[in-house]
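Both complexes shown next keep chain A, but they swap its partner, so chain B is in the first and chain C is in the second.
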Partner chain A sequence: MKKQLIHFIRLVNFEFERMIKFLFGIIAIVIVSNLIGSIIVPLSYMSEARETMSLESLNVTQFLEMYPSFSISTVTNSLWIYGPLALGISGFLFYSIYIWYREWLGKNTFVYRLLMLPIPRIFIFFSKLFTVFIGIFSLLSIQYVMIRLFYFISPSLVSSDLYKQVDVSEVISSHRAFAFLFPESFGLFAGLYSIGLVFLLVLFTGILLERSFRITGFIYGIVYAVISLVLIVLPSFIPTIFKNQYILYPSEILLLIIAAAIIVSVVSIFLSKYLLEKKITV
Partner chain B sequence: MLEVKDVHKKFGRKKVLNGVSFTAQKGDITCLLGINGVGKTTILNAIMNLTPIQKGSILIDEQPQSPDMYNRIAFIPDAAIMLPHMTIKEAMAFMQDYYDVWNEKRAKDLIRFFRLKTSDKIQDLSKGNQAKVSLLVGLALDVDYILMDEPFSGIDIFTREQISEVFSSHLIADRGVIITTHEISDIEHLIDKVVLLGDGVILKEFYAEEMREQEGLSVVDVMREVYNA
Partner chain C sequence: MKKYSKLLTFLTLSIIVLGFHGISMAFAESENRVLEFKTLEGDDVYLDDLIIRGFATGSTEIFDPSFSYRDRTFTYAKDQSLFKRLDEVEDPQINRIRERYRSFVRGKSSRGYFKETDDVIVYANSSNAVFPSYKDQTLDISVLNKADDSISDYTLELPIEESQVASLENVYINYPNVYFTVHSSMTLSVFSTNLNDATPSLSLEENLTDSIGTNIGLTYSYMYAESPNQRFLTIGKLENADTDLDSSDMVFNSSDIKPSHIYDYQTGKIIDLDLSTNDSLFIDVIVEDDLLFLMSEFEKTFTLQEIDTDGGLSEPTEITKETLPTLDNPSINNSDFSVIGIKDGRLYSRISAYPHGSTNSAIQVNDLESGELLYFGMIVPESLDVWVSTIYLND
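After this line comes the complex of A and B, so read on.
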């Protein structure tokens, strides 16, 4: 058991090392873009504010009555922050697929080595899953640190009269993407990232179906993903289906969604285990 | 003993193996011969559970396939299967991390035998040297059986000679070897058992020495007879 655990940790570490260039690349883009944004956005705000006040002969009070003040939200709502965030999310979506296909593609077919390791093959599945999650959480942590860093950079570049102090939780809750990525309550956080986990489990199972049965497997994968999605969202539509919005309490609907997500997760893990042990082909 | 029993394998509608059965003993070099596409590589992949079979069974010392079998049987495919950016040293460390049967002393012997430099990256090596690295990571495992798929494919004559030497050295002694090759002339004198394949079935199975002594035929002679070449 201890030996198996060591093998698993080594495999996660190995996968993480293979992800480092990609992860550091995305992190570098996020840091650089965020830093540029935290400087350019307040400077451009100040320049526009001065120009407006001069053109419209406004003093600061009159300006603030007509135009919004500057806050950290001004920075976080800019493309400098949204851009790398979108890049990071799409990058990890791509990486979740690439993490499997790279083993088969190219001159060196590393899948031979992976499948011939004297470890349960489901370890390969979980090591890749863990790695993607470690990557996503690393990126989110950096993004959170960057938001905190904005408080040290941006306010110093804006006239104190025009700066409005907004605390971090308000910045996050007023931001469409951050409110989703950094939920305020632990329950919401666990719920959202569990959905992410189920999504990855279904995606990985779909990929393994394709790798096991090729073109037919691709169709199986799509069908499996659609069935999983229907199963998870179905409870939300129960009131609509039965044309009775009081048929279930919202908490009961949530419970059904959680149950469906657990079923989909368990089926995905067991199906992936079966495919890796019995059906996968190099 | 390694037993392949009534193995059937289809790719789509095409039958590649149609009831293949043979055994390979420890200490023997068993050679799978046949023209391209008769299923030689598929048999090796099936033994290693790298491709599913539709029917039949594969036993290694009477045990069914399991993750632990990779500590008893090694496969050296006809492709570099370590990551190209790895150095030879890193590839060796990777193997050591996972295999209980990794023999570091033998690995160092092989490095000297093949005149490889551990600091070299696999992607920078010639095809011949990449084949040597594949042999290194396979042969340095203290396993009972070794499978080799076309170890002489596309490599120069000097490397071929060096690899041929492996078969008569202590690196192979007492192990069971199953090899597929087109370059039969390089190792004909070393082969114990020959399995001739054609269209997914075994056409003939014989011991090379018996054939030489009793019927005065070499492996190539038998191949000509069987394949009407």
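After this line comes the complex of A and C, so read on.
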């Protein structure tokens, strides 16, 4: 058991080392873009505020009655934050697919060596899954540190009359993306990231189906993903099917959705295990 | 160990940063968010009768600022279990029935009409309340016999033409009789059925439009839904000419309608209200069991008069509108007052004040006969925006 754990950790570390350049690249974009945004957004606000006050002959009080004050939310709601965030999400989506297909790229297909390792093959599956999650959480951590850093940069560039102090928790709770990426409670955190976990499990299984059966496998993968989705959302359609919106209590619908998600996850893991052991082609 | 340094670094960073975020969010929420009633005058024992739902927002916005107040305790929705929160409905009576008789309530609209007695629980609603269908002229009744847990279901056809579209406006349950107030083709009618009949069916009790006249409608309260325990139906004349009467829904905002008649479901009597000399800002009819009261609101006071079966009014009891101490200028009381209801000879009212652009909510309790102030208190802390959405009086 201990030996297997050591093997697993080694594999995770190996996958992480392979991901590190990609991760550093995304993190660098986030840091640079956030820093630029934390400077440009307040300077731009001050410039526009001065211009408006001059053109409309307003003093600060009159200006604040007609226009919003500056707060850290102004920075976080700008494209300098949304842009790298979107890039990070799409980047990790791409990497979740690439993390498998890279094994088959090039002349010396690396997957052959991976499959020959003296470890349960399902470890390969879990190590890739774990690596993607570590990457996502690392990126989120950097983003959170940047939000805190904004409080040291932006306020010094804005006149105190025009600056509104807003707590970090409010900046996050009121942000369209951050409210989901940094949930306010552990329950919500577990719920949201479990959805991400199920998504990755189904995606990985679909990829393994394709790698096992090629073109036919691609179709199998699509069908599997569709069936998984249908199974998970089916409980919310039961009231429509039975023509009674109250046939199930809301908590029962949620429990059924959770149960369906667990079934899909377990099936994905066992199917992936079977494909890796018996069907995967090199 | 060196070869694991990058992995360990990022793992540790993630755990520390996200853990710090979780702790800081928990601290931010707990800051100054404890709600309580601050007694400004009187005895807070009258708060036992209240069930309140609302929202409390402060300088730190949280995902769900909704709260409930019951048994003298404020509880934020986010502190309740998720499953309980999902299943809870606004009406405390329906909540209680849903908790105790879960399988009976299954399949029935949570916005339906429920009535519980010692022996039975009765549910009544239009059939399309559980699933909208284009034309549905049927009404559903379900009766649970508590003694043997047997359930009797009835689907009753409305005796109206098929081409007409019917809308159920109100229900009165006086088991075994059930009364339905229905609007169809600009006509407001009351139909009834007796569930002890061999084959219960709906029969016309009263065509209110023919008896009273056109341009009538029902009022609704912002604070609580019409209960099937109410024996009397308040009908008003439409005063606002701009309001379109030609709609399928005959229930209007209280400001558009002035009460003119009261229909007694039990006796079938229509009580005329002569309010020609009433020059108040706002009029409402309040029902407590078999008693009727007319509430007339003025600038600084409101009055209560008992209505007898002939429409006669008793001497008014004058009640002063209390002023919240948080108002910028207490001499100008621009707060909103609304009557919650009457219980055991006491009148409960809600006050919403808007000092400095925020919202403060308070409760005022007065003796019905003398008008004496029994309790006046507000929800604190004042730094929070406290908005009360519904208030019920405990049974």
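Convention: the second predicted complex is superposed on the first by the 282 of 282 C-alpha atoms of A that agree within 3 Å, B and C clash if a C-alpha of one lies under 4 Å from a C-alpha of the other, contacts with A are read in each partner's own complex, and residues count from 1 in each chain.
FYI, a contact is a pair of C-beta atoms (placed from the backbone, for glycine too) under 8 Å apart; a residue touches a chain by one contact, two chains touch by 3 or more.
All values reported here derive from a predicted model rather than from experimental measurement.
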item: Simultaneous placement of chain C and chain B on chain A, clash or fit; value: fit
item: Which superposed partner A:Thr109 touches (first chain B, second chain C, both, neither); value: first
item: Partner chain in contact with A:Ile9 - chain B first, chain C second, else both or neither; value: second
item: Chain B versus chain C as contact partner of A:Val60, first or second or both or neither; value: neither
item: First (chain B), second (chain C), both or neither touched by A:Ser174; value: second
item: First (chain B), second (chain C), both or neither touched by A:Leu140; value: second
item: Between chain B and chain C, more extensive residue contact with chain A; value: C
item: First, second, both or neither for A:Ile262, with chain B first and chain C second; value: neither
item: Smallest distance from any CA atom of chain C to any CA atom of chain B, in Å, after fitting; value: 11
item: Those residues of chain A which chain B touches in one complex and chain C touches in the other; value: none
item: Residues of chain C that touch chain A when the two form their complex; value: 3-4, 6-7, 10-11, 13-14, 16-18, 21-22, 24-25, 28-29, 59-63, 78, 82-84, 86-87, 102, 105-110, 130-131
item: For the chain A and chain B complex, residues of the former touching the latter; value: 7, 10, 14, 18, 106-110, 112-113, 115-121, 212, 277-282
item: Complex interface listing, chain B residues touching chain A; value: 45, 48-52, 67-71, 75, 77, 79-84, 94, 97-100, 122
item: Residue ranges of chain A in contact with chain C within the complex; value: 9, 12-13, 16-17, 20, 23, 134, 137-138, 140-141, 144-145, 167-170, 172-174, 179, 182, 184-189, 239, 243-251, 254-255
